[in-house]
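Two complexes are shown next, each including subunit A; its partner changes from subunit B in the first to subunit C in the second.
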Partner chain A sequence: MKSGSLKPLLFILPSFLLAFVIIAYPIIDLVRLSLNDVGTFGEMHGFIGLENYHYVTEDELFTEVLLRTLYWTFFVVAGTIAISLPIALILNEDFYGKGIARTIIMLPWAISLAMTAVIWKWLLNPDYGMLNHLLLGLGLIDENIGWLADADTAFPLQILIGILVSIPFTISILMGGLTSIPTDIYEAAHLDGSSYWQRLKTLTLPLLRPFINIAVVLNVIYVFNSFPIIWILTEGGPSNGTDILPTYLYKLAFRDGEIGLAAALSVIMLLILLGFTLFYAYFAMKKED
Partner chain B sequence: MRRSKRKQTLIAWLVLSPVVFVILFPFVVTLLTAIKPRNELTAIPPHFLPSQFHWENFLTVWSETNISHALLNSLYISTLATLIAILVGAPAAYAMTRFDFRGRRAYRFFLLVTQMLSPIVLVLGLFRLMVTAGVVDSLSFLAVIYAAFNVAFCVWMLQSYFETIPKDLEESAWIEGAGRVRSLLTIFLPLAVPAITIVAMFTFVNSWNEFIIAFSTLRDSSSYTIQLGIIEMTGYYSIRWDYVMISVILASLPVAILFSWLQKHLIGGLTTGAVK
Partner chain C sequence: MKKGLWKSLAVICAVSGITYAGSTVRVSVPSYGDSTKPAFERIVADFEKANPDIKINLEVGSWSAWQQKLQTDFFSGGNADLIYSTRGWVPTYVAGGKLEPLDSHLSAEFLAQFPKSLIDAAKVNGKLYALPSVTSARNLYVNLDLLKKAGAKVPKTWAELKEAAKLVSEKTDAAGFGIQGKEVEMEKYFYYILWNMGGSVLDKVVDGSKSMLDASEAIKAAQFYSDMIKKGYTQKNVASYNREDLQELFKQGKLAMMITHGVLAEQIGSEGHKINFIQTDVPGMSADKKGVTLGVIDAVHLSKNSKNKEAAVKFLKFTFQPKYQADWIAKANLLPVTIEAGKAPEFQAKHLQAMIAAVPNARFAFIHKKSTKIIDIIKNELQAMYAGKKSAEEAMKSAAKKINRAAR
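Coming up: the complex of A and B.
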């Protein structure tokens, strides 16, 4: 029913106010801070234009961290899709123990990222950790490895853990897509005598395409912002070797007291995110109309 | 010819086995660490299996660590955040399914934006908001923040469920002269309770597992949530990994069970949302 009255707006108002105050206040404050000369305790000493932006992006470390964030996002999302797609296809078939398989695959979703990171920190412990123990036992390594002491081993492992925790969410989107594909087109294809791989290539994957797109965009947003795995395992170290933008931002804001620079970096990340969001809105709303 | 189910089972488990191993191995180690005798935690070379099972660790952890306090903090924050999110989210979802009004599309877009703005980019501003309002370390205010970040999710999920509740029931009640508010309370609300319960539990789990806002804004360890309490335990000079792992289990198992049960509803909700 079309309603010109104020009633629907009254229904919406409380949720709007709550979200608006909690989310708009910080944004306005961050923009203001980023344009000011700010002291360690957040006191503003006057307008300085875009100086904070120049300063934060001129730093060589920023370029390094930004590039690493792009690697991190690309490899975690690409790896997640590459592993989730075949698993979703398998879970969509009929086999014995399907329920158990599904429960196990979905399990990492139920554990918080922080707890997952704590568990892996223990597994990766050089002296007492079970990963070294297992690899020694299998004869894959000759001596204990300090996985987290070196960025060259820590970062790839963090990417793998990032993939592991992103799989369940991705699979649930893909499986939602698979169940929405009408079964009669498969029956028709069966009658034509086409093979499983032919059906996969010509029917399933094209029909799944919009769901894969949504999974990619949402994962890019989540992974780009991901903090706990990297922070808990290495705090972005050793010597900033595993820092990504979120951990770098945290250090600027809460460790170094560089409030103005941190605010500028927040706004930069906000703009990148807004780009992703508009991209997603394009997909999501196109689907609805 | 369709492949036989037996052959399909073999292929399926063969392909899934590496992933299943990588997922289960950490959980097995977590449990074994939790019940290992203390001296075996730091044995070189380490033992995979404990020589004896110290199940009593699950009792001593309560007196040896602060986790009971942190668990209570988390329980309080998550419950309050859920209540607030549902109280403001349910009417909005109702309006979205029952009225077509100017601003509906704009509100949808607003929700989308709030959902995408991840806490990490706002956390400095949120902390300053708490300082300005004089509510640093206030658990209730943290709950309000969590509620705000969950509003979009609540509205979307509730909306996709509310759409399945037929309008004619309410409409026939109006014809009988029941009035809109009364029919809302007596006809719609009882039908909406299952959906609200499911969405509420999701919001609870989200708040329970939240890390970055709590980590950046809580200063006093007496206001730590369970996530922070456990991270604090891993920062000591000599880490008691058995207590850490027990705490991980206590913090995760109840929500993991709840979540596993809820998952099929989430997939259902997402699919209905996608189809409509």
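Coming up: the complex of A and C.
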């Protein structure tokens, strides 16, 4: 009996060890760094408790950047879901040229985020960019606008680009969900004389719910941790006006050489994401059952 | 099958030099342009020919990520023996215990080849952790046609520069004076006015502890740039221009004046831009006294964990022969660091001579073990001021407060 209960544990031991080395070890090391006074090149100057956490969080910039990260995550994810859902519904219908339409929607996924951001940087260049050229041509503006020179214009544009690049991935999740809904229930509803909106409200959306939840959770994690768009377009500037936690973290670690502070910030970010995921899993996904 | 595998592994090891008997020196060099890599490859080839027992592993990388590369290299202990970098980061490396002082490795005779001012500026805590490798000084570039069109004269003082910029912006389609508003060296563009107004960033050039940006001189300097931007004497959207963007604007004839290094003059010539310009001294406060300009020193370091220090120093000395300096430094449009190399015909080009003329009035930026953090603070506050979100006084006082906290 005893050996029987040990055997399964033994079988999962290799994968457990692998997961430990890949996931747990870096996290443990991160926590260790965050509790020590660490020099620019990783030299340990001794245990300092929560001092790094205090120093990071009492900086007024931290609150500013944290709030901006929450806006960034909320608007990009909400915008992505709001646009992706109708597109996924349309792509699920039968129409002429459906294959081409699907390909076009998915195509941006094939381009790396960094490349997309570089292209946008050129489009938004005040002197040679296409956007100013277009708006001037249409007579909508009378002089060039420095889109990225001011956080008030740069940040909303970054959110817009964030939405655009998140759409293909989200649509693919939602399309997967739509194809898994059996067609016979629609036929039955149709026979009962239901309208398109009734079928959408009572059949499609409830059945799609688990997939929307997955899309939300995965997008929140990706967007919260997203780095290239903001980094390439503005490096978090001007004057930290577009910094989100990942760009701020990068600056702390690799520009300022504050490894201890950066580790503390990483742990805080990890806790925020973990908290969100658990909260969402508990409230939103519980309803599915 | 297995035997075959071992055999081929042994062959690979032998070929790749794992069994190499002499000493190996790894050298990291950031690229100053297309000419850097071939020039260093020639030095390496000549050196290895003269010293068959020493093998040089050369790696040439991009400047833009150089700081991060060196930091991660040092972090993991996988750094090179000889590292080309810049004077600005030396205190950080020294604080981390990563560099070997070169004083005991280099003879007084060898060091006598360098101007004393360069060696002194490169020292930290009285020790030479960084041997200057290249240097440069900045000039004011003036588009003569634009100034003529506007009826302005080449400025000798900052007041005259403001007047000339005003005339250009009012009477032509071009911008008067270019101010750099982001990325590499953005903070240095502020030093021109800051230093000439008598201000400074920190109380000491090396490892200062108190910021001087809240002093009246610094506020006055910030006010000067801020005023020019507000009145429209500079290019629009200052915060979206990095150094190269400004140079591009000058090359297109859309900017009358800017301060930068010799690369711009060389590019105007080689890219065929039809610009009638001069490289002159950075303005001062009065017409009879030349203005203070920025001098930059890049340097080469010997790492503390190097296992082949002697061989590394041998290579280091080898690279300072005038013919090699002329080869890689002149082509990068920078200035050599030894007196002898400066006499080479390669450095007699007009644009390099203009920089050489500026050297006596050059001052070097502060260095500090938290210099990148401090620079980040200055940049952010300046950007807020350039965008009109903070007044000069608010920006400078806030910068001083943050720098005092960071320089802990």
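Here, the second predicted complex is superposed on the first by the 251 of 289 C-alpha atoms of A that agree within 3 Å, B and C clash if a C-alpha of one lies under 4 Å from a C-alpha of the other, contacts with A are read in each partner's own complex, and residues count from 1 in each chain.
By definition in this document, a contact is a pair of C-beta atoms (placed from the backbone, for glycine too) under 8 Å apart; a residue touches a chain by one contact, two chains touch by 3 or more.
The model shown is predicted, which means the values in this text are computed figures rather than measured ones.
Visitor: Tell me which touches more residues of subunit A here: subunit C or subunit B.
Guide: Between subunit B and subunit C, B touches the greater number of residues in subunit A.
Visitor: When the two structures are overlaid on chain A, which partner does A:77 contact: first (subunit B), second (subunit C), both, or neither?
Guide: Neither subunit B nor subunit C is touched by A:77.
Visitor: Per the contact definition in the header, classify A:220: touching subunit B only (first), subunit C only (second), both, or neither.
Guide: A:220: touches no partner chain.
Visitor: With the two structures laid over each other on chain A, which partner does A:254 touch: subunit B (first), subunit C (second), both, or neither?
Guide: In the superposition, A:254 contacts both subunit B and subunit C.
Visitor: Based on the superposed arrangement, let me know which partner A:157 touches: subunit B (first), subunit C (second), both, or neither?
Guide: After superposing on A, A:157 lies clear of both subunit B and subunit C.
Visitor: I'd like to know which partner A:19 touches here: subunit B for first, subunit C for second, both or neither.
Guide: Only subunit B is touched by A:19; subunit C is not.
Visitor: Just checking: does A:42 make contact with subunit B only, subunit C only, both, or neither of them? Give me first, second, both or neither.
Guide: After superposition on chain A, A:42 lies in contact with both partners, subunit B and subunit C.
Visitor: Quick check for you: in the superposed arrangement, does A:149 touch first (subunit B), second (subunit C), both or neither?
Guide: Second partner only, subunit C.
Visitor: Taking the superposition as given, does A:238 touch the first partner, subunit B, the second, subunit C, both, or neither?
Guide: second
Visitor: Considering only the touch criterion stated at the top, classify A:273 as touching first (subunit B), second (subunit C), both, or neither.
Guide: Touch partner of A:273: subunit B, not subunit C.
Visitor: Does any part of subunit A touch subunit B in one structure and subunit C in the other, and if so which residues?
Guide: 42, 127, 254, 259
Visitor: Which of the residues in subunit A end up touching subunit B in this complex?
Guide: 1-4, 7-9, 11-12, 14-16, 18-23, 25-27, 29-30, 33, 42, 83, 86-87, 90, 93-98, 101, 103-116, 118-123, 127-130, 133-134, 136, 164, 167, 172-173, 175-177, 179-180, 196, 211, 221-222, 225, 227-228, 231-232, 246, 249-250, 253-254, 259, 262-263, 266, 269-270, 273-274, 276-277, 280-281, 284-285, 287-288
Visitor: Quick check: in the complex, which residue numbers of subunit C touch subunit A?
Guide: Residues in contact with subunit A: 67-68, 71, 74-75, 92, 95-98, 181-183, 236-240, 245, 249, 369-370, 372-373, 376, 379-384, 386-387, 389, 406.
Visitor: Tell me, which parts of subunit A touch subunit C in their complex?
Guide: Residues in contact with subunit C: 39-43, 125-127, 143-150, 235, 237-240, 251, 254-259.
Visitor: Given the complex with subunit A, which residues does subunit B contribute to the contact?
Guide: Residues of subunit B touching subunit A: 3, 5-6, 8-9, 11-13, 15-16, 19-20, 22-27, 29-30, 33, 41-46, 48, 84, 87-89, 91-92, 94-96, 98-104, 107-114, 116-129, 131, 144-145, 147-149, 151-152, 155, 205, 208-212, 215-216, 227, 230-231, 234, 241, 244-245, 248, 251-252, 255-256, 259-260, 263, 266-267, 270-271, 274-276.
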